[in-house]
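What follows are several structures.
Next, two complexes with subunit A in common: one pairs it with subunit B, the other with subunit C.
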Partner chain A sequence: MGTNKVSKSKEGSLLSRMTRNQMFIPLAALAALLLFNLILDPSSFAITMDENSAGNPVLSGFLINILDNGSELAILAIGMTLVTAASGGQDISVGAAIAISGSVLLRVLCGSNTRPETLQAPILVAFLVAFVVAMLFGAFNGVLVAVFRIQPMVATLILYTAGRSIASWVNNNELPIIGEPSFGYFGGFIPGIPVPTPIFIAILCLVAIWLVLKFTNLRLYTQSVGINENSAKLNGLNPTFIKILSFVILGACVGVAALIKVSRLATINYGVIAKDIEMDAILAVALGGNALSGGKFNMAASVVGAYVIQCLTTTLYKFKVPSTALPAYKAVVVILLVVLSSPVVRAKLSALAPQAKRKEAA
Partner chain B sequence: MEENIVLKMRNIHKSFPGVRALQGVDFTLRRGEIHALMGENGAGKSTLIKVLTGVYSKDEGQINLDGKDEAIHSPQDAQRVGISTVYQEITLCPNLSVAENMYIGRGKGAVQNWKKMNADADQILTNLGIPARGSQQLSSCSLAVQQMVAIARAVDTDCKVLILDEPTSSLDEQEVEKLFTLMRDLREKGVGIIFVTHFLDQVYEVCDRITVMRDGKLVGEFVTEELPRVQLVSKMLGKELDDLSDIQGEYSSYEAAEGEAPVFEAKGLYSDSGIKPFDFDIKKGEVNGFTGLLGSGRSESVRAIFGADRVLGGEVKMNGKPVKIAKPIDAMKNGIAYLPEDRKRDGIVGDLSVRDNIILANQVLKGFLKPYKKSETYKIADEYIKLLSIKTASADTPIKSLSGGNQQKVILARWLLTHPEYLILDEPTRGIDVGTKVDIQKLVLKLASEGMSVTFISSELDEMLRTCSRLMVMRDRRMVGELSGEELKQSTVMNTIAGGEK
Partner chain C sequence: MAKTSSAPKQGGAKKSLNDTSLLMLITVVVFVVMYLGAMLILKGGFLKPQAFLNLFNDNASLIILSCGMSLVMITGGIDISVGGVTALVCMCCAVYLDKMGGNVAVSALLALAIGLGFGLVQGFLVAYLEIQPFIVTLAGMFFAKGMTTIVNSEPFNVAHEGFKALSGTRVNVPGMGTVNKLGEYVNAYVEIGVVVALVVVILMFCMLRWTKFGRSFYAVGGNSQSALMLGINVKRTKFMSHLLCGLLAGVGGFVYFLHVASCAPSHASGAEMNAIASSIIGGTLLTGGVGNIVGTMFGVLSLSTIKNIVSSAGLGEAWWTGITTAAMLCLFLVIQSVVMSVRKKKQLGVK
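Coming up: the complex of A and B.
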């Protein structure tokens, strides 16, 4: 208890410590959105056991829906956070890169036939090929940014513009469809397991990055390069390599997200797949209170930010907001969140807390 | 006397989380006076200046300018009432032109006459004898010229109070002399000048009065002529200073074994920074230095040794064995450490904590897959904070919120942690108070006595003569001499720097 007291007098009241924490805004936003749902429709938290078309028992409900559909975004938020921290810029080609990676995946599975009776290659092989392709495109962006020192947004604009054309060119502009049910496991359910597979994949990725951040110096190196490249270099780091590495990691995230996306559809729609997902990923990073100018980052806050965005999207769908009007509604909430998490408002918030305390004392 | 006062600050208080930076400080400035503001690092000089210029808002106290109470809430307010500032660290925009930097934020309308602006800027620069053109990009000027542009900008605004916050730390002697001429001119015109510096010589050369601060409190205001140096120093430190002149005798010099190969040896080394190939060596336990005017190539030489610039040629040996040093990491692996000249640009990683800044270099050496345990990092940080008496609220404080001298100590701690065989210190004492300066000099000699080789660079010749047993003299990016033993006298060094043949 004694130590508790000391830290309290040093750090201010519990409230001010909470508001100063970077996790506060995204968690509060998530709580507020869930509360909103709970009040308007208490049944929305119900999780029911249904049967899907294949006759397997599966969990369904609002919460499951958020976790399921938020998987790709949460995975991408990991890579986007690192790219932002290291390069002080963002990758806007993520959606297009998913289209390419997904297209490559299908191409390998189908071979030359767009409606194959049997798969032409094991799914694992196809995934690995698509995964490597995604990382190569990440490295391409990384080289433009780190070696040629092009602004990240401008550099990735190239792939943003060209990506979906490349994706459709990979399959000769045809739309392959996979009939094989096991391919659908990655975006749907594995027979006998009632939890959607994307949730497992997302957890796997999150655990992986947690382990990497814990057992390597990725965090220290990335932050050092993002804050002061000159100093980083004089401390023996190679800023060029670290920036490229961050883009390659984002590429890896893209590869995994692409697998989930095409598995959900069992096909691909070059123009629409993962459309605007890069903006949501960047937003997740920003909502997590991470500076988009790079430097220090909080991975957990970004990931929570991703689920906040998915929660918002799912909520809007649930209340039957037409999909054309969706972005407008989303924008309103996002403005609110971003303003709340801005340094100006945060400073005001944490100034409020000690005042409350002083009043108490008086 | 009373009506001669241009600025009166009374009972100024300012606190930051965990630190009471200013406690009831008074300050008085008269018209046509050069007034030195002195104190150790963290004494509150910079904070007082920032309160006066509206960068920080004060918690308590009055600021009275020309008999009127002024509320200064922003640097714009300060400029409006006639307070101009040149900060210690250059705060201009390197990617704009010199003229743009001089006129930025001062235009009245939306339209800017670029031609006239450049012409005006050229006029002022010529008048002040600053070797730059208005249309030149600022980053293409040397650090010294950039500083002088900042002064030109401050002087050009019609000011009553001119604040110079360590403007001379990056200037060489001639440039300082030019600046002093300028300051005296301005004094004649009735401008009150607040001069913050660590150089005692400069204080006694130009200042009329001295205000001393210590630990956020006012120690007193003195007329320069009535305050002997020793007393000034002891007032700043709050204790009597031990004799500065002979610290070398306190440490036994390390005796290298006969015939032992030098720790580091370079032949014909040169880099893309424009220095001519040079030969250099350093023995175990030796302290030597590079000297020369600013821009003579002394920093570039040590950067070439560390691989900080692109090395274009030359042979390098460590302990007699040929090695290849192309990048900083190569140098680090060979036991070389380098504390860079420009702390803000090349040294600190601003947003990271003191702890992360201390472990950074050694962590890189340990490798990507072998991070320190968190508890270990705290132990190391606490150890070095204590060892070098770094003033910081905690090990988790971002380094950028520390004062300059303490930032420097953190960077020093970073390199000491790597236990280098050969330590290069480029201007480690720049912008640092007298007490810390002596501490660092003593530390250098102590390390050398334990067998570490140290190369020391400083703009202050005194300091070099006090610590180094051998000096490499640089001129125009060329090594022009090597002095040791009896030759280590101020006059000999000066002559060699200047290129006098006798």
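Coming up: the complex of A and C.
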């Protein structure tokens, strides 16, 4: 980091410049969590080579676990950041949409038979169908928000209510199970590659969005619509289209996340799959320091936020916290983080810092 | 704002309804039409007065929760912790009554204290530390749900004598009884929670309508900048809305507890979404500044009626409830959005 060297001469500005950076809070939280783990149990950081049930050598360990399980959340955080920035609201239907998309995926793979000997359709075809379905539901949310001007949280409440019902209706409330091992590659390991596949999929998505943001006007347009819709319109942008586009992109993220989720299980549980993941995704955006009221966004901060949440979840599981009690601990950490990053507290803290210095000088 | 709303009252001429009353009126009309339609077409249970009262019996706690939700939504916020608080209240009261042998009055106070505690902390974080209400109350929900299982993770039925007596208390409604198959006259009844719910609705309605304190809620939700310039303490108003919502979540939680007389971590899961949906159907806008408690009550009743209609129309599969609820929500939202945009265009045209 070049900034560190430069600002050594004036330390006061280093601290304030670092804390003012949007990446500071999520990165500091991640560092604190990892440090906490390192102190309590240094051995957990070891990455070992194990054999999985298929007999292939695979990497395993605490860090790999976080990266692996955080993939879906990181992918969703991409779409959620865009939706938040463009519409100034959040999509609370992503968990339900994952259930629908996953259900469609299994339906296409299995046909009418829930225990197929052979797959009824190539995995790629099934994935594309589910992917398109997820984007269509994203577009549905987008139309409600952009055309009918319903607040995003309320508009997506519709799909949140209906989603899991639709998902079980798609498969007649049966639970298809896929025996085909190649379907498990997406959520597990490809033979011969020791790194979990979801990590690759997440990296692929992150690179894709990085390229899109770098080489297109998506970032500029999304932010302008989020900051002031009317002036964006006067400048020749189409806010309706941009908003719908952001929801469709989130739909695409949902489609990918659904593939990973369903592939991990090789089946689906309509009520439980990706439950509360929408809350985690929104938290990721908020932890990244992005205003939930829309406007400017920092994609990298959101993604780091997603891994912070996964790190927290994994840490709590490691300390044998029962999964039902998990939310209470999560809530405490989240509140601590948002209190620390709130503008009021920050202003107070930065007002305290120079005072302390003056006292030292005196 | 004040001028336009007071002018038609004084002049007596019905120039135009304000947004709040119009959206409420739509809900009330839809509810009445839906219920009459169900009585005429489906007959069966819908013709019995008790069936109508059961709408209240089953939804007393949801009405109270939705009232709190509406208050927060009118000021432009949101509270998604109410379902979690309900579950926590049930669990704490049940454990206190059955395992610690407490008495009923103290358990009611305990419920209020839990709700008040949540309201205090959340209100402080939202109003004075300016953290987004969604995040704060989301954490509140997580915390409440987690604490519920930490207090006790096993569901059980409450066996406390005094509590059972209170829980089983029925208030007879005169003039609505029916003669059963044996020829005996059976009084129609409501549970004690319904009385509480109605009191809450009336209190909140009066507060919002006629007190300065209540009106400041609309001012803050409509435009917090101009409210500030009018000399309203915006931060305190937001704080109070969350405090009241928390308190009502405590009350609603205890009423829920009275209704089910049991506790389980899964209790009232999704209640926050039902409360939000009811408030919206009742004409409260999430953007703030528009809303009506009576409308909210009808929102709850409409939501429950549509569920009853679906199940008595023979669509027994579990998924139909979810889908129809969502369809109804969708319909109402689109109606609201169309009505509001038409009115906006008219207003602009007049100018």
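Couple of notes before you dig in:
Going forward, the second predicted complex is superposed on the first by the 335 of 362 C-alpha atoms of A that agree within 3 Å, B and C clash if a C-alpha of one lies under 4 Å from a C-alpha of the other, contacts with A are read in each partner's own complex, and residues count from 1 in each chain.
Note that a residue touches a chain if its C-beta (ideal position, glycine included) is under 8 Å from a C-beta of that chain, and two chains touch if they have at least 3 such contacts.
This is a predicted model, so every value here is computed, not measured.
Of the two partner chains placed around the shared chain by superposition, neither subunit B nor subunit C is touched by A:124.
Greater residue coverage of subunit A by touch, when subunit B is weighed against subunit C, goes to C. By the document's definition of touching, of the two partners only subunit B reaches A:228; subunit C does not.
In the superposition on chain A, A:168 makes contact with subunit C only, while subunit B stays out of contact range. In the superposed model, A:39 makes contact with neither subunit B nor subunit C.
No residue of subunit A touches both subunit B in one complex and subunit C in the other. The touching residues of subunit C, when paired with subunit A in their complex, are 78, 125, 128-132, 134-136, 138-143, 145-147, 149-150, 153, 265, 273, 276-277, 280, 285-287, 317-323, 325-327, 329-330, 333-334, 336-338, 341. Residues of subunit A that touch subunit C in their complex: 90, 144, 148-151, 153-155, 157-166, 168-169, 173, 279, 282-283, 286, 292-293, 322, 324-332, 334-335, 338-339, 342-345. Those residues of subunit B that touch subunit A in the shared complex are 18, 306, 308, 327-329, 332, 338, 340, 345-352, 356, 360-361, 363-365, 367-371, 414.
Residues of subunit A touching subunit B in their complex: 10, 214-218, 220-221, 223-224, 227-228, 230-238, 295-296.
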